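Quick one: the structure is below, and I'll ask about it shortly.
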């Protein structure tokens, strides 16, 4: 599965509410950006996370590693790259890199989530529909 | 019911995450303080909002008015006064005043919530248990 | 000044982080949406709020009134209308209406901000540049 | 410096605003709890982070690793243990463990921050005052 790779870029502007008195985005708020990166990558594959949750699968986060090089400024246009490099099993991992307009890395991170049944709260495997969309997208990229 | 009045004071310190680049608490975050003021007032009456929600009644907000005199600073000790001045029916109203250590008003607000059944999402009357606790507390104050 | 009116619409999707355990957007988070509505309206007029702050004028909020009809759901496409109906003096007022895809009102609010010098923290008048952009835009709408 | 160890416990109740529609605290919000754990540990040593920032030293985060075992519920009493196991140089590292009332681990994490001059934004060494307080506290524990 060495060739498996899916990536997506989402651009956003930090909101005033996301800054703190250091004058840049508060360190906890990048987790929100990462979540948006994941959701938009899935949407571009043809998968709505909201729909996935309504149909019985939710994705709680079990691990996050995050490195902060430089804070993102209010209203600055930033680019969030989100990658999947392995086909998910019971877990799905995302690699996130937030860059400024010149391409300099501001923040990078790695997030692992698990598939959980919304009724029983028990772990489950990646839904077939998502697996198929990922495989299809990986071939196309 | 002119004499009905319940009040409670809760002190807190603004968190770093709650500030913005203006160097004071972001204006949207006072809504969170007000919520804490309500919950702690109820707890002091002997009522857990979490328990109330688990037993079938939730309290969505339908209205908020808020006036900002001066921003609260990070880690500054502030005092939140929360008052109920009328016995609730289908609605319950709270008056909130946030003050600094010298008693100067920083922010004041008024929030109206409605009682809603957590299963049917239909409006309902104030639970008897809460009404009784409020009446009892009003006599005691 | 009866004819003065500027409006703008911004569409957004509530983020997962903005929901609470009631399953809709937390009531304090609409303040963030309103802020985005203001900033995007100004941007469409040719004015960057970030730039305005860097060049000496900031806009703290002094009042907000907000009515909640129905909570916005995670990832639901919503439309935020932002209006200015009076030429600003020392204050500027914005009227915000958040609607769902069918046009039903979810939340509406009214926010008043004051112009403040970023160095002296003293109140000031609306910068001429903004006033001119507003007048020009009002003629065009 | 093998024996260097400082720890502190802070208890808190998750706020309604911190939950998401999964019914537990949103994964990004634990970063805020960790920050509170650091600030309260420093306060107990006799050091105000707010004061440290006002007197020229700020502490941006450069790294965070976080493992999520179980989500914290709204209003549940939780205990946050914060540890320092090495004397800081240009960096300071904190180990955080959030536990429920029975002592079960909910979330654990590791955060690295750097000392930065608030005027020049240049890295600097741990202020002597903090170093001395840490050494003194380590002897006492």
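Read from first to last, the chains carry the letters A, B, C and D; within each, the first residue is number 1.
Heads up, the rule we're going with is that a contact is a pair of C-beta atoms (placed from the backbone, for glycine too) under 8 Å apart; a residue touches a chain by one contact, two chains touch by 3 or more.
Predicted model only: the values in this text are computed from it and were never measured.
Contact count check for A-C and B-C (C-beta pairs in contact): higher for B-C. For chain A, the chain whose average C-alpha position is most distant is B. Taking each chain's centre as the average of its CA atoms, chain B and chain C sit 25 Å apart.
One inter-chain figure worth recording: chain A and chain B are separated by 35 Å, centre to centre, where each centre is the mean of the chain's CA atoms. Between chain A and chain C the centroid-to-centroid distance comes to 29 Å (mean Cα coordinates, whole Å). Residue numbers of chain B whose C-beta contacts span two or more other chains: 16-17, 22, 26, 28-29, 31-32, 35, 74. Within the complex formed with chain A, the residues of chain B that make contact are 16-17, 19-24, 26, 28-29, 74. On the side of chain A, the complex with chain D involves touching residues 22, 26-32, 35, 58, 60-69, 71.
Only residues 15-17, 31-32, 35-36, 39, 48-50, 73-76 of chain C touch chain A when the two sit together in their complex.
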